[in-house]
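Order as written gives the chain letters A, B, C and D; numbering starts at 1 within each chain.
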């Protein structure tokens, strides 16, 4: 049996808890949260206990930690887990500061612990199928990538202030998609953006709409368009053109009902938000984590992936702020 | 040059006139209509003359006639044209009475004139492509056919009274689709129906919704569902399942615009009605007619096709009226 | 806590077991199967015990039974469960013989036990959404129903021989869809069919392709087309036309990947078969069953629904065998 | 009657000739081409005459000219037509050199002749419907535009050498789409590109894949992705996100046939290339031109539009060549 501690009993921590307890031979032992009521409620639901951070790291029986607490706690928890030789699953981003993220990666590397970063999109059935079809040669060599990444609404401005900005908070996933799908690294990044939906976001020093272009080392091109408030909901599509064809990843819809009315033909909007859209992906990434812990698999989303997506986010932030093309 | 006379200056006659004058080496010489104003307006638009029926048949220079006048005039015009050795294009149905339709077919046969019946759907790009893909073996042997055939609204009750009923007026096209797509003939027909949209249609002795099943000689199955008033518009789809797969023919839409709004994702309704939906088909069938007249092709929709679709319509009418399965 | 016994450790029993153990406050106590190895393996996976039928009915702590054993065992198990006052979930069909099914319904009624029949399609997210949108008035009064119900391949002929024939085995679901969606009962049934895919099916006295028409008491029309072997897979669609519009229920696909190649644009085939297609429906129906057991809901698919779907199946079988329209 | 002269009897001139002769009260009098055989064949087909340039401008009866000859002839023909007070339809681009294009615009302005530039996409039924729905407020204020513009194959390298490069030759249409759809002007342009498909294009000083970002004066964002060789064909889509929703313009397909095979569900590729895709648009723009000539409409695609699209193309070329963000 593998005993696990979960840091964070919020929205995403709750999802992870449900997936942890479904793994064979895995026991959710502790739930840790700064809000004792949240920790208590979630631990009770799954027959776990609440604990503080020290108690977790002092308990030698805990073999793995799942870090779903706020971003500013990630680095310290990773460093402690690496030191305590506990396997690590950590939500993105590793940290908002690139040097701290790199220090975490170094600590993971030298300690040799297993570490999986929560880029859940790579585990989504649609995205994973597309990737494996590229690997199977269906479209030849990937040449261009177009990513559409739109949220149904902006988070509270207080969250935005602490988020590291739209590129580290929201596009970090899209930068990871770029690296994964194109199997290439960024050479130059150009980012521009606007604040179109809420002046409070601008006052907080951030933007809510971006257009990013990445030119890869091999001369491949990627465009990412993002908006924090798409009136129609959550929109997560991308398409890759290769020498032999195009592969598109479309949205998922709650149902396959179509209405033909006197005005038009109407289908469901996409799944409401990331919790619904990536339900299967969250389950698959947690199963993968415990495969890694058990030595049955190598981490598909490593801490180095976390660092390199952050590098792109940092480059994009600089490009936007300084109105220039950034060479990586 | 081929001189042509057009009978009927109504909605469909107007379409045919426009397509006649686009044929190379074809001249629209006469337009004939019981309404002199309609004949006059249409002939003027295309540089033709008005005439009465006798004048057309007395003019030896007229090599071909296009019959788009009311159904009750078809048989006589076909008989006279056959006698006068003029090539014939005639709108469906040949006649409402099977024996008169057969007499027309016999006259055409014995005179040897070219004759094309206006089953325009066979010339539609989508339907014709589907048919040729069956012929190319894409789905193996066709086994079942499901036809959806719905109008956006019922014609005036006065028209319905003279129409021969829904099976001869509206489903005649679907019966032809069955014969053409399945390359088979009906063995038994079962039809039931209801009057769901307008009691005046029931008072006129007709129905506005039908469900028809045809079992073919080779044991293949076809279902046709029809309604005269589909609130969402004109709906013309069919699908054929064969031993190796399924081919579907979908509706055409005016534009490829899609709206993603806060409520749903909406696309255009199908093309408004038959004049819009089958615009390309009407052009192609007229081009085909003049290919037949010029000896460059054999009639793809012969008067025998007209007779046999009528046989199915008659059988369906009997099945519905007498509440029994009709063997052909 | 509710203790439950599961009869049947086959394909569908395994699905139910997984859903039973996910219900809060429900314990899977026994797994019963004629194959001791199957019972043993499934009970072990979920921490249950194996038992024989008598042991289950002798154990007063068992409050509910889930019957997923072969069809010929359903009636006896229902009768015993009703007598023992245990709540009943039973797979369709209740029985192949209408009188025995009616006797079961009578026993359930007089004993007053909760009873849910496994018409899982009513719990499918797409179908349930469509039904609730009809109830919400989106298409006005439902007038016609077209059901497409195709399997990816026929079951073994040995199974077909004991199945009661295609109408009781396969279309029983579609008959239930008709009653549920149209909120109406059949008045006449016409069924025809062919054996198109395997002569062994014909030799077994059955068919593999059917076309069924039901006319409802209120004069509404339904058509069902079925084939046991659709080369492209499992196809479960229906559409309802009402006075104000049309609602379609489409297939679900494994992924939303689309390939644009030099030949065509290609999307995924539908989900492979019923276990995949109705995964969410099976989970929802089992949750519903325990809501019924706990008194939180009334049975949405009652044993009367089971009997009435069987009546339609019987009428269709007669219509096909005797080549006549059957009045119910 | 309006007498018209057509310059250019190539692919696009042939399309225009067919549309000119369909206009009421319009006569195609002359066809001019450097290749006498081409001019002769096209003029014969439409009952026109061949002529040289001087003859056209010397003929006072010619009220309008349609310029579809090679790009390097546009400016001179526009200047002569303006001077001769003949209405002008001219294919894009006005000229490869911005100062010459501006001189043409000035000549048109001072002479007061009608002038329509052949940005045919604005007349496409799908694109025009989308634009009018924006104008109708369906998506509120347009905020971001994503344009996908891909050709099925590159033109001959000899053509590319004279084409002014990919931005003036191919993206000129997309720059016009940006201005038209966003109803805004570019403030900054960033363009990058690669030569991915044919080294001969690189040797000719051009590229075959581009990613362009335009930031508008009002802070709106547009991304354009282009490739000269899309293995799957001609791909012309765009989508506009506004404050209330998203409007997408999709590709048109030759037929609505869908195949469900054992491997996948497949639909037609998009229309083959621009002649097929924009057939309706070419007809509509020519009808519009003669509405302008007759004073029934104002030019929807003016020579100023031609100049401003060229400014964007020039800025993009500079951005790509000099690897910098260009401010307009």
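Heads up, the rule we're going with is that a residue touches a chain if its C-beta (ideal position, glycine included) is under 8 Å from a C-beta of that chain, and two chains touch if they have at least 3 such contacts.
Please read these numbers as outputs of a predicted model, since none were measured by experiment.
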A-D against B-D, pair bridged by the larger set of C-beta contacts: A-D
Per Cα centroids, the chain farthest from subunit D: C
Distance from the mean Cα position of subunit D to that of subunit C, given in whole angstrom: 58
Inter-chain centre distance, subunit B versus subunit D - centres from mean C-alpha coordinates, in Å: 40
In subunit C, residues with contacts to at least two other chains: 139, 230-232, 235, 244-246, 259-262
Residues of subunit D defined as touching subunit A within the complex: 139-140, 143-144, 146, 148, 150, 188, 190, 192-194, 196-197, 209-211, 213, 215, 219-223, 225, 227, 230-232, 235, 241-246, 323-325
Residue ranges of subunit B in contact with subunit A within the complex: 230-233, 235, 259-269
Residue numbers on subunit C that touch subunit A, as the complex places them: 125-126, 129-130, 133, 138-139, 244-252, 254-262
